[in-house]
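Down below are the structures I want you to see.
What follows is subunit A paired twice: with subunit B in the first complex and subunit C in the second.
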Partner chain A sequence: MLHLRGQFRKFLPYILCSPALLVLLAITIMPVGYLFYTSFCTWELEGFRPVFTGLANYKTLLFRDSDFWHSMGITLMYLIIGLSLQFFLALGMALIVNKSNLKLQGILRTVIIMPMIITPVVIGLLWRVMYNPTFGTINYVLRGVGLIDQSIPWLGQTSTALLSVIIVDTWQWTPFVFLLLTAGLKSLPVEPFEAAQVDGATQWQMFRYLTLPFLQYIILVAILFRGSDIFNTFDLIYILTKGGPGTTTQSLNMYGFYHMFSWLNLSYGASIIVSLLILVGLFAAFFMKILRVRVV
Partner chain B sequence: MFTRCKKFQKVKRALLMQSVFLMVIFSTQVAMGAAGLKLADFERANIDWRQAAGESIDVMVTKYYDTEVLESQLGTFEALTGIKVVYHSLPETESRRKTLISLSAKSGAYDVVMPDIMGLPKFVKAGFIEPLQPYLSDPELIDKKWYDREGILLASREAGEVGEAAYAFPFTCEASQLMYRKDLFGNAGIAKAPDTFEELWDIARKLHNPPTVNGIALRGTRGEGLNIYVWSSFFRGFGANFFLNFPRNMTPTVASPEGIAATEFYAKILQDYGPLGAASWSWEEIIPALQRGNVAMSIDAVDIGPLLEDPEKSQTAGEWAFSVIPGGKGGRYPGIFAWLLGIDKASKKKTAAWLFVQFATSPPAVYQRTLKTGAASRESIRNDPEWQGDLLRIGKGTWLASVTESLRIGDANYRPRFEYWPEMGDTLGIEVEAAIAGQKDAEEAMEKAQGKIGTLMNRKGLLAW
Partner chain C sequence: MNGFNRRIKIRIEKIVLYTVLAVFIAFCLFPLYVTFRMSLQSPKDVWKNTFFFLPTLDNYKAVLLGLSHVGKASYPAVANFPYYLLNSIIVSVAVASVSLLLALPMSFAMVRYKFSGKNSLLIYIFFIKMLPPLAILFPLYVLFTKLNLTDTRTSLVIIYMTWVLPLSIWMMCGFIEDIPVALEESAMIDGCTRVGAFFRVVLPLAAPGIAATLIFNLILAWNEFLYALVLTGSHAKTAPVAICSFIYFQEIAWGCLCSAGMITVIPIIFLVIPIQKYLVRGLTSGAVTG
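Our next item is the complex of A and B:
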């Protein structure tokens, strides 16, 4: 009897977790598993059933599809420029807000996080109108202050389209990084800073040798979250440019969307999305490893 | 205290009266689409409308004005047939996604679905849509004289066919048309709308006066339903064809001299006389620019007309005239688009679904539903002076006349309607947009598109390379 009770106790945590695990299995693991399976199939309209064809999709993708590599390049460019902009802007804003008085801090925080709470589709439409060279406010203001003579078609020319999309993404998501960094700054210990002040350290030295090292975990978490999110950006690009002009802003996610939903190349689209998943996985694993090393 | 109470009672009564009044107004508005829809009009059909009474069907539609009016007509359908309708009306992206998921799962979740003209062949090829021929030839299910399928304008009727077999009926059908500012035309001494592409070029050049007014605005944003919807009219008008001999020989020919010339014309007219950044312009930019008076001419869907002539929305209301789009040596090819109603092959209530499709696309239902939009695809309705009514106000009658003419001469197959069109159309859209943006010249763009389409046809086994 005692033995049975012991056995029950041993399995109790698993029994208690099983409902949640089952739900997770049904809504997350199974669809992802099916996505992987689909990517190894050919799924044509006739019959509309996946037929296993092994690595055929991946061979085409990696060795014969120049659009895939182009979209990969766009995605990485978006990631590097977007993430850098968002991080440095957020860090600057967090340091400024942290130095201001408490009442002002509250107001600034509220104003800064506003873009984050608006739906990306709404933001996309809003900026699309603002970027318009004929009646958009951006060109109007820039012309007004004499920075440009003629309106610039921000989204309509290859030289500015990607940067214009990144600017909107930065406008919306810098507040997220800002929030994380502000929370980090608030939790910094006071003593080392006081000691550094007594020792005559400059503001830069305190920032370089105290603030940054103390903030490193928060910074890594912020980069990890935002980076994974940037890989998956879809709505903003879709609303602003649909991937154009030409394929200038066509990220991997967009490319996968077109194959899966517009063209019904379900298995090929799945292989693109799986590639993206692997890329995000590698990115996350890299930062997780750094985090783990630092913590240990 | 007493006075205050009395005042309060008065205010309360006034508020109550107001609420009742507003409720009456609201219900009247909602019922407007159904108003005038008489059971007797349907009972004249020599079929048993109640043959599936007691059943319940699920209908999935894309939410827009016409489907909202259809919703107000459901009461009449339910009273007529005894069939209950569960109506799912969702925004376009969502309704398309749900329709695709339901059809591909073969669950029959929606008995009636709403594909569009270019998406239908894909669903037919996959075996998702019920062929309508058996229903059309069964006198128990259709009164041919009453339904008058032949009375549907050819382009609209063909929109619901794949390989000459009917799979869906047109719910609404629209064409593209030329819209132009007659005041600017008058000031520049231009007497009439352009008939040819050369005339279109000349007029765009004459009226181009940036930054106040651009000569012309056309869709630039990539997409088979965006820039390719309009560009295809130029492509065909220049005498180009998408394939060597569609559908027998699927060798792509988009990079033919005519195809390159059409693309060069489309890109160049936008670069020289179009708005800045025309490559990223879609109807979302074009409509406000036309309403504000920033553009002299455009070729786009006919439902833009009423928006331009509405004084509450448009600063240029009253200044617009409309005509059939210009053509070239290949002829005139107004863009044709239609929303259709079809039956899910996996549906278990096909008779009920058929009765619904027939009801919603029948002459009396279409007549009432299109009184405000003018989107009727039946000639008899379009020629009815009572139906024309207020619509004649738009462009002083030129709008209605050119819509009818465009639907009459239009060809539903001006773009090749087959299962892989969405991918092919998007591929073209990318290259045309790149040409407009100046990223490539027309020849390079069309050569690239041709290569990609060739690969696609080969991959799908439609081409023996």
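Our next item is the complex of A and C:
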């Protein structure tokens, strides 16, 4: 009896995990496997069945499809500009707010949490209203101040479209990064900082050699969360520009979406999404590697 | 003299701090204000960029009652909005509660037990969160077509689980970690079994965390757009997709758009305000404790 109980104890964690894991396995891992298989096929709509053709899709994708490389560039630009904007804005804010013992923490949190929880579709629409050249607030204010003479169609011209999308993304997600970093700053131990102060370290030295190393895990989490979200952004781009004007905001995710569900090149779309998946994986592996190097 | 200088310095620092905060808060809230203002404008006022106008509730009336016209302007797409709102409510409640039920035992096991494969499980869950949604959507779309499940609420519930579940496991882990083990141990010394201790000690103590996770799940499901856009037609459409359909080829129903937007956002805000402290805690604690 005791022996049986011991056995049960040993398997208990697995039993507790199994319902959630089985569901996840069925609805994520298996579909991804099928996606990989499809990307090696050609899928004509007649018969609705993929036919194995090997690497044909990838050959076209890598060597003959300039749109693919264009989308790749857009995605990386979005990632680099958006991520660094959000990260440094949030870091600056977090450092300023953390230094002072603020009385308005509660109100600040309530306000700050708003952009994160609002429906992305609504966010896209509300920024579309603000960017609108005819009655949009942004143009109205800029004209009123005298910075511009004529209204600028922010989302409608190739030079500003991507930047406008990035600004909306930054608006929505800087608060999230800010909250993460503030939580990290609050959990810092006090003693090392006191010791450094006694030894006469400058503010910058304390930041560089104490704060940053202590925060590196949380920074990694923030970067991974935000980075993967930026790679996979769909709703914002779809509402704001639909990938346009032309293809100036057509990220890889959008490009894959169009191939799959608008142009019905199912297997070709699958190969685009597989490359996006690999890109996300590389991105995550890269930042995890950086973390490990610093930890050891 | 020195003390005077220091006092000035502190005051300047304070001024800078509050200016930065004020700008940041305004930056966060301004778009909401713009939407709110537009939701009160009648179709002919929307085009005038004035600060003074006659506020009307016509847009809200049209959207909530499913009328297809505001004043003299007719917007046929607005007609079914209440039904789509109901779809959204049903789907998100189902997704939120099912994933919470699945996540609870798993996160308890992940925090309280040591077993082989635990770390790789954590990484696996994190990677699921990072998967491109299209990588899951496309194969499941094929599957749903074969099973005749497209354009049903069931299909939405199934596919929403793919990203609500990992995130709720992640959040619940943080909350359970916050509960001291000692409490459970003393309950077990007093004759509780491990499972008994879970129900009598962990669950009550984790109640705020569970509520926060549940509400976070609700929000995630409520806000989702891509899956609903592809998987639903006229029957199981959710509110975000319906809002999106207010943009016609010829014109955009701005007033209705903004009031429908406000209607989808207001319940979220009211749900979040009471549990915001725990929500922030849950989002960050997983990250802080690792």
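Everything below uses one rule, namely that the second predicted complex is superposed on the first by the 264 of 296 C-alpha atoms of A that agree within 3 Å, B and C clash if a C-alpha of one lies under 4 Å from a C-alpha of the other, contacts with A are read in each partner's own complex, and residues count from 1 in each chain.
Going forward, a contact is a pair of C-beta atoms (placed from the backbone, for glycine too) under 8 Å apart; a residue touches a chain by one contact, two chains touch by 3 or more.
Worth saying up front: this structure is predicted, and the values here are computed from it rather than measured.
K.L.:
Mind checking subunit B and subunit C on superposed subunit A, clash or fit?
P.N.:
clash
K.L.:
Once the shared chain is lined up, is A:A285 touching subunit B (first), subunit C (second), both, or neither of them?
P.N.:
neither
K.L.:
Quick one: is A:P153 in contact with subunit B, with subunit C, with both, or with neither? Answer first, second, both or neither.
P.N.:
first
K.L.:
Name the contact category of A:L212: first (subunit B only), second (subunit C only), both, or neither.
P.N.:
neither
K.L.:
In the three-chain superposition, say which chain, subunit B or subunit C, touches more residues of subunit A.
P.N.:
C
K.L.:
Pick one for A:G244: touches subunit B only (first), subunit C only (second), both, or neither.
P.N.:
Once the two structures are laid over each other on A, A:G244 reaches subunit B alone.
K.L.:
Which of the two partners, first being subunit B and second being subunit C, lies in contact with A:T134: first, second, both, or neither?
P.N.:
A:T134 sits against subunit B and subunit C alike.
K.L.:
For A:V32, is the partner it touches subunit B (first), subunit C (second), both, or none of the two (neither)?
P.N.:
second
K.L.:
For A:F261, is the partner it touches subunit B (first), subunit C (second), both, or none of the two (neither)?
P.N.:
both
K.L.:
Could you name the one stretch of subunit B listed in 8-16, 26-34, 44-52 or 98-106 that collides with subunit C in the superposition?
P.N.:
98-106
K.L.:
Please write out, lowest number first, the residues of subunit A touched by both subunit B and subunit C across the two complexes.
P.N.:
On subunit A, the residues that contact subunit B in one structure and subunit C in the other are 134-135, 261.
K.L.:
Which of the residues in subunit A end up touching subunit C in this complex?
P.N.:
Residue positions touching the partner: 12-14, 16-17, 19-21, 23-24, 27-28, 30-32, 34-35, 38, 93, 96-97, 100, 102, 104, 108-115, 117-123, 125-127, 129-130, 134-135, 137, 140, 171, 175-176, 179-180, 183-184, 187, 217-218, 221-222, 224-225, 228, 231-232, 234-235, 238-239, 253, 256-257, 260-261, 266, 269-270, 273-274, 276-277, 280-281, 284.
K.L.:
Using the touch rule from the top, collect the residues of subunit B that touch subunit A in their complex.
P.N.:
Spelled out, the residues of subunit B in touch with subunit A are 97, 100, 104, 122, 125-128, 211, 214, 220-223, 226, 275-281, 284-285, 288-289, 292, 294, 419-420, 422-423, 426, 430-431, 433-434, 436-440, 460.
K.L.:
Which of the residues in subunit A come into contact with subunit B in the complex?
P.N.:
Its residues touching subunit B are 44-48, 128, 132-135, 150-158, 161, 241-248, 258, 261-265.
K.L.:
With touch defined as at the start, can you tell me which subunit C residues reach subunit A in the complex?
P.N.:
13-14, 16-17, 20-21, 24-25, 27-32, 34-35, 38, 46-49, 102-103, 105-106, 108-110, 113, 115, 121, 125-136, 138-140, 142-143, 158-159, 161-162, 165-166, 169, 194, 219, 222-223, 225-226, 229-230, 239-241, 243-244, 254, 257-258, 261, 264-265, 268-269, 272-273, 276-277, 279-280, 283-288, 290
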